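Below is one structure, written out as structure tokens; comments come after it.
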Amino acid sequence: MGNSFTALGSTSGMATTVTVWNEYVHEQENETVADIYPDGIHAVLADALEERGFETRTATLQEDEHGLTEDVLDDTDVLTWWGHTAHDEVRDDVVERVQERVHDGMGLIVLHSGHFSKIFKRLMGTSCGLQWREAAERERIWTVAPGHPIAEGVDECIELDEAEMYGEPFRVPEPDRLVFTSWFEGGEVFRSGCCYEREDGRIFYFRPGHETYPVYHNEDVLDVVGNAVEWAASGGSSDLPTVQNAEPREDIDTSDERSVH
Amino acid sequence: MGNSFTALGSTSGMATTVTVWNEYVHEQENETVADIYPDGIHAVLADALEERGFETRTATLQEDEHGLTEDVLDDTDVLTWWGHTAHDEVRDDVVERVQERVHDGMGLIVLHSGHFSKIFKRLMGTSCGLQWREAAERERIWTVAPGHPIAEGVDECIELDEAEMYGEPFRVPEPDRLVFTSWFEGGEVFRSGCCYEREDGRIFYFRPGHETYPVYHNEDVLDVVGNAVEWAASGGSSDLPTVQNAEPREDIDTSDERSVH
Amino acid sequence: MGNSFTALGSTSGMATTVTVWNEYVHEQENETVADIYPDGIHAVLADALEERGFETRTATLQEDEHGLTEDVLDDTDVLTWWGHTAHDEVRDDVVERVQERVHDGMGLIVLHSGHFSKIFKRLMGTSCGLQWREAAERERIWTVAPGHPIAEGVDECIELDEAEMYGEPFRVPEPDRLVFTSWFEGGEVFRSGCCYEREDGRIFYFRPGHETYPVYHNEDVLDVVGNAVEWAASGGSSDLPTVQNAEPREDIDTSDERSVH
Amino acid sequence: MGNSFTALGSTSGMATTVTVWNEYVHEQENETVADIYPDGIHAVLADALEERGFETRTATLQEDEHGLTEDVLDDTDVLTWWGHTAHDEVRDDVVERVQERVHDGMGLIVLHSGHFSKIFKRLMGTSCGLQWREAAERERIWTVAPGHPIAEGVDECIELDEAEMYGEPFRVPEPDRLVFTSWFEGGEVFRSGCCYEREDGRIFYFRPGHETYPVYHNEDVLDVVGNAVEWAASGGSSDLPTVQNAEPREDIDTSDERSVH
């Protein structure tokens, strides 16, 4: 059996297809948020990714199967995830489906308060806790790994005038690659750009994005999201067996009968 | 708030306390297995760890709460886990409890077919699949990280005359540290000793241990299990906050009211 | 200052340029080797990479500055390195030059006995020792990370009928990503495909390639070398400062005069 | 051949022996520094480590072989390194000797401006560059890995009123484990506590320690140095072969004569 390694969009010459998922609750219930994101955070993100050359669609909590049907996922190279207040309303079977797709090579970009989403906690195996404060304070997102593709085009740091603070300790596994670290005006730091691989899938956690500040209208932030999509689409999807009772490659005695299977 | 970092047994001068968990099904149902482990795999492991200076107790699937009550876990520095045929019978709430204990600093040693246990899959975030074959073939477990404490006293390799084969790809996250890699007579290799950290807890996956071969009567294998217990007990258990709305350290304006919380 | 991140060939739409470096001693002195590689190992590798769509040139120890002048390196996205018997004859200033290029983003593929080259030892910081045996024995190179781009198109394993054995412990830092692990007929294992990043540069060590066996005539091996070149060219080359006396971003008192600089 | 794994002091029941190395130039030439460290930085560090239960000695650049003779290193479990203005005066043969000792299991704690020392650059394989500023500004060293032994007893953060700023990007390999990250008043962040392993040796880079500010009179900083010594002494020193022409473990045909060795 070979590793046919279905190339995702970005490496196959076809456009990478991104599904932008949003819980889409605050925007419909809170005026401050609605003013910033009248059509939802997902609309702004999808537009920005479309501009950067990706095929995009959106999906929200309220849709059937949260908009993440097998058909949609069949046509998704990279999924971005934003949620905050309704993590518990996401169906476990959909979470399991998304997790399996990640294992099979789908990229996943988890944004801001998505650190507490079911899907991120399941993929990390930890509580994903952190410290936080809403004080509209200044944040600087420093590039720690300047040669990493996700940092392409990013200055030494991205400066946001108004941000929610997230502070350490961030209860996640040590990232495979730490790309960004944030400085906050109030005195804290945070590992704000973290790469992971889980089976064939690439995962990037990116911190910026609070709902009451216009963070996703910042072009530098959107550039990073675009880079992350590109990076997450650049892995492969192997078709090597995942579980298999294997024939020996060498000529050995296989007559042992002591199995309890 | 300080990080009082409750030292586990091994660093506090008190004996490290190990709970040896076993599914304990094959030994009661299959004669071949019963001949090798008349009192169960847990009994052999517990004796071996006792001899190596640890305080041990055992717990099995059949006990109330699988023997893993809050009280038992309160008094457990390191938990070892053996399961094979009854992974699905382990209660989800007990799995969650064990996972939280690992996050809080309890060590966990996952043995052999425990790769498919609920607790290991939850901590890894992957399917933990692998290739396998039961042919009583020869295995050599090579030391890849000779300076690691878990390799202390281990020769270049441990040779087992009869082993079940486990083959790559092993669907786990890249280990923080790979300590052993196995060679099999039939032609395969396997990453057989893998270290992970998940929050404050240290996890070691160790491959040897099939139920129909007398692997846990091998003193070299038992030495490694003992080393792994020692290593897993050498982490800490911090009491830094996991989630917290934090006061600023610098004098900043905190009057922003745009919260949706 | 921005991170203009000069895209290497593979991502810029221009062909990736590879310089294939070879010590080129055995082929001129030993008949067995000359029969297998009449124009040198570099010629075979360069042809194979050319066929796979890369622009290639070769360079050898005997050339002025070993063929690795500033001009040549200016036009090199990825350098491949084969050496065995003459590591000590490579000039230190050329090694230093290559090391700096790797830091600046040039990819480096180190092949087989190149594990003991000056450049690899300098980039790893370790002795890079290993065990070895020349017995023309069978090797299977197993894919451990099937979703990694370097494993694209590779079967579960590549089988070589005649190989030199390399065995563990391999004295290198823990790889950032382990892609392949070898099985040997004589009983050993080896981490035979190891990814590293050093500053902006990507490095891949790939084990196969002994001079007295026709390993570089194996298309599967050559496919992996091609994949590795593609991967190593996919990083970036940032122009963020490497050392800099930085102006503060916040308004702080900078009047302190207690410097000894 | 076995892995006798000579236990270092900390695990053998004998006291861990630390050699505190200091360049010792500023203290003899600059009044500000002399006022803070009248007997040298090494004297303050050695006293602090002695108080924490280690056997200590000091060694300086000016001594014969910089005080790092074979005999001294034979009796050193962990070496701490402080240098700044005279890195180039350290003899290459002594650096090589220290590197070999690290490979053999000696711990190494590299402090502050030691990031540019020959020994650290050799072990990292990178330039180890960073951004810097001397403005006596506030620094907070945040605990990122609260369960790590080096963080034992450390609060959420250590606050220093006056510090030199070190900023990202820090040109080192991705740490095996990042334990601390610094926040600076002027707006930057820095990975200030980084763990590495190179062969059998454990290495910890710890940022605090500028010569014109009394950083090594801070008990929290000294506690971390003590923890780091303990951690670095807890690895092993294996005696498995580093390079070896190995006999096969399986019965294979070893009659091949095609060697060029």
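Read from first to last, the chains carry the letters A, B, C and D; within each, the first residue is number 1.
Note that in this section a residue touches a chain if its C-beta (ideal position, glycine included) is under 8 Å from a C-beta of that chain, and two chains touch if they have at least 3 such contacts.
Quick caveat: nothing in here was measured; it's all calculated off a predicted structure.
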Next on the checklist: Can you work out the rotation angle that lays chain B over chain D using Cα coordinates, in steps of 5 degrees?
Outcome noted: 180
Checklist outcome for this item: Quick note, more Cb pairs in contact for A-D or C-D? It is C-D
Checklist entry - Once you find the CA centre of chain B and the CA centre of chain D, what distance in Å lies between them? => result 31
Next on the checklist: Measuring centre to centre with CA averages, how many angstrom lie between chain C and chain D?
Outcome noted: 29
Checklist entry - If you average the Cα atoms of chain A and of chain D to get two centres, how far apart are those centres in Å? => result 36
Item to check | Numbers and ranges of chain C residues touching at least 2 other chains | outcome: 140, 143, 146, 167, 169, 174, 176-177, 187-188, 197, 199, 238, 240-241, 249
Item to check | Interface residues, chain C side, partner chain A - complex | outcome: 1-5, 7, 11, 105, 140, 143, 146-149, 151-157, 159, 176-177, 197, 199-201, 234-238, 240-241, 249
Checklist outcome for this item: Touching chain A in the complex, chain D uses residues 140, 142-146, 167-170, 174, 177-178, 181-184, 187-189, 191
Checklist entry - Quick one: in the complex, what on chain C touches chain D? => result 26, 29-30, 32-33, 85, 99-100, 103, 122-127, 129-137, 162, 165, 167, 169, 171, 173-174, 176, 185-188, 196-199, 211-213, 238, 240-250, 252-256, 258-261
